[in-house]
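The following pair of complexes shares a single chain, chain A, combined with chain B in the former and chain C in the latter.
Moving on to the complex of A and B:
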């Protein structure tokens, strides 16, 4: 116990020393040069009548999807690869899927009490609307596709916890439908990335050639759909009970 | 004004440090997870003071929502209490 207190106090002292050195003593030299030339470039061009504009007052979204667009595009591909990895680890043949369904119908049907379920319904509606506003307004105010999508994934998780996986599947959010929606989001991103090449003789992802903020809005909406349904896909696959997987992998079918 | 922001930032981040330390020392993994999401909330406040609302929106949803749920799923497949020193 004494050692714990000692460790905690030494951590705090180190933290205070570092923040004192950076803010008051200015060891990194950030005080005399608050805006770097690169940052100044973004601030001057993101929403200005020039060739390098992004048609967006939200400089962060402009950097994320236009000036540093390839980073975000490849991030989307990394996310795609990790989801495909999860799906291929948990892949099932069609007969096995039927077995999973018949085994799941035998599972005891459990759900939480009325208060939790009613509150969850209200909260989920709020989260969905807020995540939509984060994503669809992402080119004007702080936010964007990934932020909105991850907020939406939390709504899906709440539904999972308060109700069950079967509630989602009864509402039509089966694995197949979710994969289709995910593919639609990715297709929207790719189409927007390629559109300047074919329509305006530009380069890949040169979305400032597209009229107005179409490019940023399309990419945000595509990322929103992709992230939402990507997370949901992983949760649906992980939601299958462990004992069912064990039964199927051992081949113990009655 | 800037000094006030920096002082609030220092307080918030030190609270975050305290909670991350408590989470490391906790033997009940579910309690540790709750402490770690409190720490994430403090760090999200820190990001907000640093004028990065884009990060706050993603960080809160991931660190408090998705990460916690995935770790609960992992804990449900192992034991709840960390044994021994």
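Moving on to the complex of A and C:
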């Protein structure tokens, strides 16, 4: 308890010191030069009629998916690789999946009480709707695909906590369907990245050649789907209880 | 299942409303994307959120809900706040856990009663029985052990309104 107070106070002091140094003492030299040339370039070009535009009033999304697009594309691939790594460690054949299901049905499982469940229903629906808004509005207002997808992952976690993995599977969110949806999201991202090359003779990821803001919207939606179902996939795999997993992987089942 | 029966207009309206509220604008783009999202969600989850859509679109229930909100936040909250403030200064408390029977049928009605109890100072709902018929409440002043009396003092008019709004 004493240590917590000490830590909290030292964080507060550090925060105050840093803000004092930056704003009053101006250690970073930001006062006389508030806008760097690079920042000025982004601000002038992101939503301009000229040739270097990304058709987006939201400069952050324009940087993330257009000016700095390769970085984000490779981030998506890293995410893909880590999920594939997780799936290949926790892989099960079809027969083993059947065994898991029969073992799980024998396990006692309960969900939380009525109040928690009813409230979670409401909250989950609100999160789904808000995360869709974050993702679909990513090229107009702050937000974007990854942010929307992370918000959606929270909805999945809440469902896991208040209901159970079986509720999701009964609703049709089995591992197979989730992988399909994830692949669809990735395919949308790849198609949008390649489209300028084939349709407009441009370069890879030169999405400002696409009409209007379609490029950014597609990438945001693709990333939203990929992140949502990527997280959900990992949750579903990790949701199998540990002893069942080990029993099946070691083949110690009669 | 018949896809048309699976579609839930109530869920559709709720999702669209939250979408537009969060987005904060009603341009053509927002309406179209919100419409698509709401259609997808309401077809995917069906009647999971709202079992009977007619209840959601009944103006009588909304009227009672508004009335309940006004009465609860203006009258009951003030009364219990004053009561608990008095107890803080006089140090008079007789805390204990009591069990209250619930008559309201629907899940959301039970949640409304339970959250109303928790939100008024002095009472906290600790648990609800698995069949949803009993509430376990921590009460700051256990003045009586008579079931009817407890119900009148702790639940007050919450259940009446919960029945009118949700049942």
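Convention: the second predicted complex is superposed on the first by the 235 of 254 C-alpha atoms of A that agree within 3 Å, B and C clash if a C-alpha of one lies under 4 Å from a C-alpha of the other, contacts with A are read in each partner's own complex, and residues count from 1 in each chain.
In this text, a residue touches a chain if its C-beta (ideal position, glycine included) is under 8 Å from a C-beta of that chain, and two chains touch if they have at least 3 such contacts.
Treat the numbers as computed from the prediction; the structure is a model and nothing was measured.
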- prompt: So, A:241: does it touch chain B (first), chain C (second), both, or neither?
  reply: neither
- request: Once the structures are superposed on A, label A:122 by its partner contacts, choosing first (chain B), second (chain C), both or neither.
  value: second
Task: Pick one for A:19: touches chain B only (first), chain C only (second), both, or neither.
output: first
- request: With the two complexes superposed on chain A, say which partner A:174 touches: chain B (first), chain C (second), both, or neither.
  value: neither
Partner, of chain C and chain B, that touches more residues belonging to chain A: B
Touching partner for A:50 - first (chain B), second (chain C), both, neither: neither
Statement: chain B contacts chain A in the complex at 6, 10, 13-14, 17-18, 21, 25, 53-54, 57-58, 61-62, 65-66, 69, 73, 77
- prompt: Tell me, which parts of chain A touch chain B in their complex?
  reply: 4, 7-8, 11-12, 15-16, 19, 23, 60-61, 134, 142-144, 146-148, 150-151, 153-154, 157, 160-161, 231, 235, 238, 242
- prompt: For chain A, which residues count as touching chain C in their complex?
  reply: 113-115, 117-119, 121-122, 125-126, 128-130, 132-133, 136-137, 140-141, 171-172
- line: Per the touch rule above, chain C residues touching chain A in the complex are 11, 14-15, 18-19, 22-23, 29-30, 33-34, 37-38, 41, 44-45, 48-49, 107-108, 110-111, 114-115, 125, 127-128, 130, 132
